[in-house]
């Protein structure tokens, strides 16, 4: 294994291993940017990992009024799951509890997709018979009476089967502050890339995991090889001067989006340099046996 | 003029002829013994079947309700004429002109419109007179009219009831009497929504059974050849076979005709509580020589149901396709027009099978009549296809492949091998109707019969054979050649000559003055009103 | 005395017929308007078939009534039956003069088949009721609302749904409807357009969920409605019916006679009936009517009279025979003579 | 390939049924074959060549040069491609079309867009009665697509309409949206009496109060909904209007309560 050093940052010759996922996108609009974000944050809360949350979701991009169907501020939200059924279920639960409920909100398809996922066509029953279906061009909308007027919700949104989950960067730093600075820089750069979300808190995850556990009931457990406190007890991946590791996990609408996000993040981490940020960048994989997608760090260098 | 139809296979059950031979026509009549004269014109009928012109005893071809159906459904025949053949009812024969032509093309020369409200008799006769080529007859509806119900309630003498029936038949120029859901339409006007044979009409306390029995007796006593034509209560209702069975039981040895029995052939078995009871009904018919029936076969596709059974049609409004209908509260019956499309789903398949079961399980072709209750079960233009089903079990088997197997399981159709012979077809459509209606001068090729003759080119495929006759003669005149109409002669409307008593006329005059403030003239009309020369043909009563 | 005119000049009837025939022969788009008896309608339809003409009525009311049937149907009752059964009568909209005798009968008699109940007449009519009716009728008023609006109010208020305004006097009607044995809504295409009639039919249908109710649809023109019915069985379609393309076609807009005449599409106009007509420029008018003078600007006028004839009667709700004698020829006979003189035309069977 | 052009030789002496002249039906035919197509509609047997000069070859783009109120059934059952009429057209323009586009420079007769299912029809002049409506007896009007009338529409605009968008920008006659089942009707200009009479569902948008509103329509207050702007933007995208049609808080009425219906009638808050 031949590691490269760029701007003083060591780049492992390894790859992030990622999986095919089902994903969809919706556009949430509201009378103001603030309320569009409130709705979006609410519906993407507790959506860090499919393992415990059923889906992974986050805000892809904010939209200006002239970019939304109804001319109001909005956001595009991406949602990922392992199966179409689960995605459908999560989508309806989350839109129903968090978007329908949010003041002045409206909800539209955010993706054309290969097949439709129910959105308004399932939510409509909340209207108790007073819901109104309207078709404009090729798009169908449902209007549900609510206490501040109407909740407008497109009948369906699109499903993509080309989505990718689990792109990642592992940022190995001298201390916790440096690791966090590197991760923050990486996430900020990735957020500018369309079509991706970083589902963990602030885009960052500290509890990287490995497959399996000594406990039969668990499918994943702590990534001991990267935990500095276990350095003396397990086959550690950490050099002696590495005292903190953080990971950025990326889900993307497409293979290309994940690659682009990782490229942007990598560049930001390298630009930050080893003093203020990460000394070394690696990526998580399972030896290439499990995931369909591999993102080799050396291919993503600036 | 002497005409010879030469060398065809003559099938004439009335005379027992069934073999190759000649048929001679002179001056509009069959001439069985032309001695050794030369014909003025001769038609080669070799390779053809020669029969008398067919008689349809039950087909709604004209009158107020039929015209209302035309009015209701312009889009279903040729209204949007861009591609006239693409509309669901474009083969229906919807105008009077087309009705006459299409019947003649199939070799039918006499057709009975079975439901004329006496109050609208003139309208019916105006329409019938506009149907070219064929002769027509029509049955007057009684049994929901206040006058009759009042007579029965007040225990009027049988003579008075007979006089009233005789007056009605005479003034309406009818060929017989029909009763439709007897008492049901009157009860419906009093907000009754279901009505069975032993239910009573509220304001009169008179049951349907009593009305039917009263009319049956009057018709028989008057010597009107056609027995009372009964449209039972509960048409189309699951379990209605019991109504039909009870009604047949009430015939009590006196002739009675039950119309479109198929619509009563339903039991309540199975998951959908809709099953075939055709076998039970056929058994009763087989055991009751005084009963005749016609089938009212259902065939698939768009049609429109036209019935004077206003109560039943009101109930059927919800199933109208397209969703529009007319319900009419007339004097006496009124009626209802409800468009409907028979599909090969469970219900349609079952109805189709029930009709065929009746055809095949009733043994005596002299007592079962060939109808689709046009247009209720199917337009009469479906007749050729129906002949084929009766004459070929293979055709039935093929047809069943496209139908709902669950429905067919509730019928005996799959086990029936019977195939109608040409002679049986000729009985059912010629000889038997002649007898049933008292039209002694037609339905056969005997000496002196009206020269209504249908010549069909023999074909293995009965649908092709009966769909377009090779030659058709009406009163000796060639009207169809190779399936095309070649002459549009006017036909006549046949009426039975009853002689009403003068006393009843006076009583009726008083009744109409009192109840409507109108003279009886409003409810009668002179012959000239029909607007044709000699519009009527006379049929004698039995003596 | 038999009279006919070519223009304003007296002419022998055969000559007038010949002239009329010549006009039809050279016509590209002849229109026949009818308001007449059965035989004349039959003859006119036969003539239209031969001449490739359009047949229509000039009665806008008949057009509305036809549209009610073709577009939705409904529930109807014979007027004579209504007289005997209806204990609640509601008159909606203006009725034509031919209905006045019927309205009087309703007002002056009690139903004999209503289980001993007496009759109450309500009126949502816009005036012109006979005194006998006006005297007894309970007036329901929709104030400034048009008859279509009033019909909508009836239906909506009966179903206890909200309305922007109320019908005055509805309460009494509502109570009567709830207790009714048989409700007769009396109206006509004369006073209600097709949509108002359809609305009233919706009301009738609503009523029938609990009581019995039906509509007496009094024809705006008795003869016009009769002509429409004859056309329906003869051609398969109500008026207007066009034979221009060789087969019968029904289209109330394309073949509306008044439009064809006003827009100059028709070039010859044959009118059979009593309504006054006046031709626009560029159209040859032929009139068969019971007149003593030539019709102004008509190319041909032939005085005809009703002989023994059959006409539609509003009261009977069907056709009735009317015996009559007259010296002038009947319209049917004149039309038949024109037909005989017209050359044969290749016509597809209808 | 150049579009197929039919130049009208003279005002037709009878109504003509032009339904055979659509892109799909003419595909693969030579000019000579096209000239021999028989056109029904009137008493005389008329061939295309008797009435039109035929030029060009690509039937995907059809032009009727010159026009007449007697040219009926243009674009009937059309599936794709385009038809342009440089003058007037007759009845039943675009009847039952399922795709493609039709533009008419002049005015048209009744039943424009009757039972159309998809595609786009634009009439720059006026339209007759029952635009987007059914023919006699039929229970369904327009089922989809977009019909734009820049001039005035006749009576019963969008009668029994089920889906799609109809706009009349020069006003309309009485009873727009009568018996409407669903869909959207937009009227700018004077609208006649009783919009939405007997309507069950659907939306009628007006830029001013109608001549008479049925009392069975109930005011439900000013309408604030994201859908209003969605609709306005759609109208602008379709080139129907070039300004936000409804304004802020347009008044909304619901009805027809007589039916009962759940339709809506919205009157723009902009002053005209």
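So that you can tell them apart, the chains are marked A, B, C and D in the order they are listed, and the count of residues begins at 1 in each.
As a convention for this text, contacts are C-beta pairs under 8 Å (C-beta built on N, C-alpha and C of every residue); 3 or more make two chains touch, one makes a residue touch a chain.
Since the structure is predicted, the reported quantities are computational estimates derived from the model, not experimental observations.
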Query: Under the touch criterion given at the top, what is the topological distance in steps from subunit A to subunit C?
result: 2
Field: Geometric centre: closest chain by C-alpha means
entry: D
- request: Would you indicate which pair of chains has the most C-beta pairs in contact?
  value: B-C
Statement: Greatest Cα-centre separation from subunit C belongs to chain A
Message: Please tell me the distance, in whole Å, between the geometric centres of subunit B and subunit D computed from their C-alpha atoms.
response: 47
- prompt: What is the distance, in whole Å, between the centres of subunit A and subunit B, each centre taken as the mean of its C-alpha atoms?
  reply: 76
Task: Report the inter-chain centroid distance for subunit C and subunit D in whole angstrom, where each centroid is the mean of the CA atoms.
output: 31
- request: Would you pick out the residues of subunit B that each touch at least 2 other chains?
  value: 72-75, 79, 324
- request: Indicate the residues of subunit C shared as contacts by at least two other chains.
  value: 70-71, 245, 250-251
Query: All pairs of touching chains?
result: A-D, B-C, B-D, C-D
- prompt: Contact residues on subunit D for subunit B in the complex?
  reply: 17, 19, 73, 76, 135-139
Query: Which of the residues in subunit A come into contact with subunit D in the complex?
result: 29, 69-72, 104, 106, 130, 132-137, 141, 143, 149-150, 152
Task: Flag every residue of subunit C that touches subunit B in the complex, lowest number first.
output: 38-39, 42, 66, 69-78, 80-81, 83-85, 105, 109, 112-113, 115, 181-182, 208, 211-212, 214, 229-230, 232-238, 245, 247-251, 308, 310, 313, 315-321, 323, 349-350
Query: Can you list the subunit B residues touching subunit D in their complex?
result: 72-76, 79-80, 82, 322-324
Field: Residue ranges of subunit C touching subunit D (in the complex, touch as defined)
entry: 28-29, 52, 67, 70-71, 142, 145-146, 148-149, 151-153, 155-156, 159, 161-165, 195, 198-199, 202, 244-246, 250-254, 263, 265, 345
